[in-house]
Every structure is written in structure tokens, then in C-alpha cells.
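Below: a set of structures, written as C-alpha cells.
Both complexes below contain subunit A, partnered by subunit B and then by subunit C.
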Partner chain A sequence: MKRNWWKYLGAALVLYAIIVGISRPLNPGILQIDPIALEAGQTYDLNIATYNTNFTNGSDVDAFIKINDTFGIQSQSVVILEHNELKASFVIPEKLPSILQRERYSIILSADGLGTFIRPSALSIVQKEIDLNGAIAAWPSNDFGKFKRADRAQFPFRAILYESLRNLFYHVPMWFGMTFLLLGSLVSSVLYLKDNNIERDMMASSMIKVAVLYGILGCATGAIWARGTWGTWWTFQEIKLNVSAATLLLYFAYFLLRAAIDDEILKAKISSVYSIIGFVAAVFLLFVLPRMVGDSLHPGNGGNPGFGGEDLDSTLRTVFYPAVIGWTLLGFWLAQLSYRSEILQDYFLEKFD
Partner chain B sequence: MKSILALIRLELQMELRRKYALGGALLYVLSTVFVIYSSLQDAKELPWNALFWLVALFIAVNAVAKSFAIEQDGTQLYLYQLASGIHIIMAKIIYNVLLVMLLLSLSTVAFLLFLAIPILHMGLFFCTIALGSLSLGIVLSFISAIANKTDSSAVFTAILGFPVLLPILLSLIKLTEASFSEEMLPVSHDIIILLAIDTILLGLILILFPIVWKD
Partner chain C sequence: MKINSLILLVFTFGISCPLLAKDPIEVALHSSGKIYLVVGTLAVIFIGILIYLFSIDKKLTNIENQIKDNE
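Showing the complex of A and B:
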């Protein structure tokens, strides 16, 4: 147990990531609003379709239109139609505190138990004349009290991604795991070249074996996600897919090289040297090139909603970090098992030859 | 330094005597240009970038692979045992870089003469060829040294070399694309990346080659 604690930890973390990653619900979200083009000075009954909500007749729901950080409009009344549909009536004042004639504003719903959720830039409101001071002077009450908080942990609701953001816990850790395994194999290869201990070369090749497995799984999970989000299993327009394929090609070539040389020591030397050169190329491919190109369809790049920096919600972090650690530990466990089986194979071949 | 120059002179003499690599490469240049010319007569907008780099890769890989294939000769082995590993690989790299640069320039001339390739920024194009031959020379020299230990070395030079060359190729392709376009695109980033990857790979190769060579 003392020597293998990390294996149990890895397995436990992966199990946690799988269970919580799939079962934790998403934040409620706003899907559709009808009508979305409004005029200042009119009264409207907005029909709002929501996602992942459980409204009943007695639900206490408030609706707001956010003009900017200081001003907002509260709905006059909210009528629940279905468990995921409601009708909110708004009276839009004549003049809006905005310097543009037509602008898009966000709509916010705040419900008991479900929390507060927003659809940014959902409504476009046109005002006939622009009078900033007059609007601010004539603005009705702006004091809405506190927004309601959700009473359960939930993942953020993001446009385009919706439920598929759960892929974050399975697809991204694959690449993290592959990188750590490749690092480990680099260290192993360098150590082999230093002291010529053939076991280090076996360890390096086992790690690369599992790294390639993780790469293939990463591409597979990515393909399943892409089918849902982008509509296609694969595309050659996306730089990250191209460089991942190229890296896998590189390490397939590594195994071809090992298969082509029979002498064990020569095989170890040549493949270690190639894996070191290949690692430099792989680092350039996976980390430098996507940042150089910049434009990418993946979440977080090129205008897509993403997870990095301020985008990565704390609720996502509580599952994402354990998932990365867990899958990495699991990968090293797999590599160790492969290494041990290779040593045993060699031992029995020598014994009974 | 003297031994490196001597080794380069040795390579040159071997080449002039047998003319394997140079003759073969010239043949490749002319035959590929001929194939392109005759098969794409009607096409108005040719993918010049793709065509040029396909031809360039083909020529470079074959030229460099041949330079290591002559190792089997007994006299060569004796001479090589006298020189240190670093000198040998430096000599081979310098020779191969110059060879590839010559071949790429020849293919550019062939493209210009026979196919009227529309290069708008000549200076940038030749700068790209110089950088490209530096990168291709360095990487392919080392990969052929490794691949030579297997049975089918030419196949393995291509298999092993292509993924390692990929990031280099992507930058080179961007640079040639910039030399075809009418506007002045920002290319300094790609040039720096190429120089950086060349430096790193050269350093690694100088450390790793003596290990390969000990056999």
C-alpha cells in the first residue's frame, strides 16, 4: 500500500471525475426569447423558453433587463406557463440611458433554488431619440434587492457548448496525461543514454506506448465532442487536430523504428535518440504552433466561449483538477504495468530459450 | 575546424567522383518539373506553394539519404575512425545544407523558367530557401544517420523525418505563401521560430550523434 498509494489515488480521482462530471447538473439557461426586437416606450409580454428549470405555478421568479452596470428594468409580472417556459411582461421607458439608438441588452432571470442566470445581448431595443440625462432623471426605481442564489452545485451554462462541456473532464486530461507521459519518457531515455541500463529504455517505450494510447483516446473523445458541437467528426481546418495527428505520427514512427532493429542494445540507443529529437518536435507542434496560429475552433480561442483564466468556473475546477491528476496517475500506472510485463517476458524468454 | 573542412572536402570529392546524389537530384528536379508542366497545362490557378514544397521535400530527402548510404565502403570506415563524432556530423550537416540549398535553388530556377511561378518577393523567397535548406539539411542528416542502422534506410528516412519536419514545414509554407502574396505579410515570427527550432535541434544533434556513431 505504501508504494502503490498513488495508483489507488489515481483510480479514485478518475472515478470521482466520471461520476460527478456526468451527474452534476448544468446551470439553468435561457434558450429562446420571443419577441427579441423591442421599441422603447412600449409594453411587451416576452415568452421565454429556459433549459434545466423546474418552474411550478408557485415559483418565485423575477425577470430583469440589464441596460448597463447601473441601470436595469424589472418585469411587471411573471407568469409560469410550463416547467421550462414563462411569460414576463416589461414596460420599457421612453428614453434609455444609452448613447446608441439601437443596442443589444442582456436578460436576467432569478429563481428560488435555481439561482440567477443571464443571456447576454439577447434583446435589441430601439429608442427614438437619444437623451442620456433625461433618461437617467426619468428612470423608475433601480433597487432590485439581492439576486437569488442556487441551492445546489452546478456547472455553468455556456452557449454553443451546453451539456458537452462535460468533455472538459475527459478530453483535456488525456492531453495533459500524454504530455506528462512524454516528459517521463524523455527523462527515461536521457537516463538510459547516460548509464546504459536497458530497463530505462523499456520504461521509456512503455510510457510512450501509453502516451500514444492517451493521444488516440484524446482524438476519439474530441471526435465525439466535435460531432455534437461542430457537426463533424474531424476537420483539417483546425490546427490543434492537425498537430495532434502529427505528434501521433511521430510516435508511431518511433514504434516502427523499434520494430525494424533486431539487436536490443542498438534498438534501445537509436530509439532513445529519436524519442529525444521527437520530443522537441512534439513540444513545438503541440504548444508553439497553436499559439502562433491563434485562430482556432476550440473553446477558449478565437472568440469561442472558453474555460481558461476567468472563464474557468470554480465548479468546473473542482472536477477538472482532480480529473487531470487522476488520469495522469492512471497513465503512469498503465505504463508501469506495461514495463513490468515486458521485463517478465524477457525473463521467461531467457529462461526457457 | 581543420578536420571539419577536410571531411567536407572528402564528401565533395566522393560526390564528384560518383555523382550519385547530384546527378540523381538533378534528374528529380527536371522530371518533377516536367510532370507538373505536362499534367497541369490547363489549370489557371496552380497551388504553387504545395507544388514547390512537395518537390523540395522529395529532392531533399533523396539527396541526403544517399549521402549516408555510401557508408558500407571499408576505406570510409577507417577514415571515420580517425575523426571525432562531432566533426563528422558537422561536416555532413554543412555539406548537406549546401547541397540542399543548391538543389532548391535549381528547382526554383526550373519553376521560374518552365512553369512561370509567380513569385512576387524574390528576396523573401530566397531567404526562405536558405532557412529551409538549413533546417532540412540539419534534420535529414541526423535522421539518415539513425535510419542507416535499419535495413531499409531510405524508407525510414522518410518515415522518421516527416513528423519531425512538420513544424518546420508549416513555418516554411507560411513564409513562401507570404512571398507569393501582393501585400507585405508579417513574417518575422515564423523566421524566429525557424531559427529557434534549428538551434535547438542542432544542439541536440551535436550531443546525440556521437552516441549513435559509437557503433
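Showing the complex of A and C:
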């Protein structure tokens, strides 16, 4: 128990990540608004379709159109149609406090228990003449009271991603795990070259074995996620896919190298050197290149919105960090199993051959 | 490259109307909120780790058989 505490910790953290990661609900969201092209000075009944809401006839829901940080329009009335659909009536003032003739504005819903949720730049409103001062002077009340808060922990609602946001806890830790395992193999290889203990080389090879497994799983799960959100299993337009594939090829070559050399000590020395060089290359490929290229389809990169407040929402963090630690510990457990089986095989080959 | 990803983003992000012709996979994913992507991810990881465990198990079995044969 004392020696294996980290294995059980890893298993517990992964179990936690799976249970909470799947069962914690998403924030409610706004799926669709009809109509979305409005004119200033008109009255509209906006039909709003929502996600993950449980409206009832008695639900107290407020609707707002956010013009900017200072000005907004509150709905005249909100009628609940279905558990995930409502109708909000808005009177759009003749003049808007904007210097553009046509601009996109956000819509906000605020409901008891569910909290407040927004669809940014959802409506486009056209005004006939631009009169900033006149608009501000004639603006109806801007006092909306307090926005309602959610009464439970929820994950952020992200268009395109929806529930697949939860893959953050399973796909991303594969890559973190792979990196930590490669780091471990680097340490092991360096130690082998220092004191020529063959077991260190076997440990390095086991860690790289699991690192490659995690990399393959990362690519496979990423492909599934991509098919449902980007519309394609794979694309060479995306830098992160290219560099992860390159890194995996690099470490496939590590095993080819080991297979090609018969002499045990030569095999150990050469593959140790290769793994050290490989790690340097992998760090450059995985961490430097994507930041240099900048352009990306991945959330949080290349101008895409991230997962939450400032890239990672705190409700996600409480599951993501334990998940990374858990999957990494699990990876080291798998590596240790591989290492132990190699040691045993070696031992009994010597004994009986 | 930038234009392509921009177009891809605009297409999937900006359009609120669900009446565009979509292939059945996308409709199924969207109506269930894409939870199946998470199910698929977990299944793949689990199967991958299982395969790895099987291969280690097989190796250990071979060693055990060798011990047995040599006793």
C-alpha cells in the first residue's frame, strides 16, 4: 500500500474526472433566435430556443439586448412556450447609442436557478440615422437590477462544442500524460548513460511505449471530437495535428531502432541517445511551433474562443487539473507494469536459456 | 490556410438556422448535444488501455508458462 499509493491516487482521480466530468450539467445556452435581423424603432417578438433549461409556466425569466457595457434594452414581456423555448417582446428605440448604422448585439437571458447566459453578437439591428447624443438622451431606463445567479456548479456552454466540452478531461490529459512520460524517459535515459544500469534503459523504453499509446489514443479521441465539431476526422491545416503526428512518428522510429540492434548494450546506448534528442525535438514540435504558427482550429488558440472566462473556466479547472494528474499517474502505472514484465522476461530468459 | 479555417468557423458558428441541409451524423450529434462525442472518447481510451493490458498479460502468461515448462 505504501509503495503503490500513487497508483490508487491516479485511479481515484480518473474516476472522479469521469464521474463529475460526465454528470455536472452544462450552463444553459441560447441556441437560436428568430428573427435575428431587426430594425430600430420597431417592436419584435423574439422566439428564443434554449439549451439545458427547464422553464415552467411560472419561471421568472428576464431577457435583455446588450448594446454595449453601458446601454441595454430589457424585454417588455417574456412568455414561456416550452421547457426550452420562450418568446420575448422587445421595443427597439428609434436611435441606438452606436456610431454604426448596422451592428450586432448580444442577447442575455437571466433565470432563477439557471443563472444568466448570453449569446454574443446574436442580433443585428439597423438604424436609419446615426445620432449618438440624441440616442443617449432619449434612452429609456437602464436600470436592470441584479442578474440572477445559478444555484449549482455548471460547465460553460459553448456553441459548436455543447456536451463535447467534457472531452477536455479525457482527450487533453492524454497529451499531458504523454509529455510527462516522455520527460520520465528522458530522465531515465540520461541516468542510464551516466551509470550504465540496463534497467534504466528498460524503464525508459517502457515509458516511451506508454507515451506512444497515449499519443495514439490522443489522436484517435481527437479525431472523434474533430469529426463532430470541425466536420472532419483529420486536417493538415491544423498545426497541432501535424506536430503530434510528427512526434508519434519520431517515437515509432525509437522502437524500430531498438528492434534493429541485437547487442543489448549497444541497443541501450543508442536508444538512450535517441530518446534524449527526441525529447528536445518533441518539446519544440508540441509547444513551440503551435505558438509560432498561431493559427489554429483548437479552442483557446488562433483567435477561437476558449473554454471559459479567460480560456479556462474555474468550474472546468476543478475537474481538469485532477484529470491531468490522474491520467498521468495511470500512465506511469502502465509503464511500470511494462517495465516489470520486461525485467521478469529478461530474468527468466537468462535462467533457462 | 487562414481563410479556410475562418470559413469553417463562420459556417458552424455564425449560422443560427438549423434548416440547412445537414448530414444525419451532424443532426444526431446536435440533437443530443454531442454527448456521443464524449462517450466515443471514453470508449476509445478504455479500449486502448484494455488492449495494452491484454498485451502485458499475455507476456506475463508466456513467462509463467516458461517457468512451468522448465520446472
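Heads up, the rule we're going with is that the second predicted complex is superposed on the first by the 350 of 353 C-alpha atoms of A that agree within 3 Å, B and C clash if a C-alpha of one lies under 4 Å from a C-alpha of the other, contacts with A are read in each partner's own complex, and residues count from 1 in each chain.
Criterion: a contact is a pair of C-beta atoms (placed from the backbone, for glycine too) under 8 Å apart; a residue touches a chain by one contact, two chains touch by 3 or more.
As the structure is a prediction and not an experimental result, all values here were calculated from the model.
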Practice prompt. Would you check which partner chain A:L191 touches, where first means subunit B only, second means subunit C only, and both and neither mean what they say?
Written response: neither
Item to complete: Look at A:L257 in the shared chain and tell me whether it touches subunit B only, subunit C only, both, or neither; answer first, second, both or neither.
Response: first
Discussion item. After superposing on the shared chain, does subunit C or subunit B touch more subunit A residues?
Written reply: C
Worksheet entry | subunit B versus subunit C as contact partner of A:A150, first or second or both or neither | neither
Worksheet item: Now for A:L249: first (subunit B), second (subunit C), both, or neither, which partner does it touch?
Response: first
Discussion item. Once chain A of both complexes is superposed, is A:A281 in touch with subunit B (first), subunit C (second), both, or neither?
Written reply: first
Practice prompt. Return first, second, both or neither, reflecting whether A:L289 touches subunit B, subunit C, both chains, or no partner chain.
Written response: first
Worksheet, complete the sentence: Check: subunit A residues flagged as touching subunit B and also subunit C none
Worksheet entry | Complex contacts: residues of subunit A adjacent to subunit C | 18, 22, 26, 31-34, 36, 51-52, 122, 159-164, 166-167, 170-171, 174, 210, 213, 216-217, 220-221, 224-225, 227-231, 237-238, 295-297, 302, 304, 330, 334, 337-338, 341, 344-345, 348, 351-352
Worksheet entry | For the subunit B and subunit A complex, residues of the former touching the latter | 142, 146, 149-152, 156, 159-160, 162-164, 166-167, 170, 189-190, 193, 197, 200-201, 204-205, 208, 211-212, 215
Fill in: For the subunit C and subunit A complex, residues of the former touching the latter
1-2, 4-5, 8-9, 12-13, 16-18, 25-26, 29-30, 32-38, 40-42, 44-45, 48-49, 52-53, 56, 59-60, 62-63, 66-67, 70
Fill in: Partner subunit B, residues of subunit A touching it in the complex
193, 243, 246-247, 249-250, 253, 256-257, 260-261, 266, 269-270, 273-274, 276-278, 280-281, 284-285, 288-289, 292
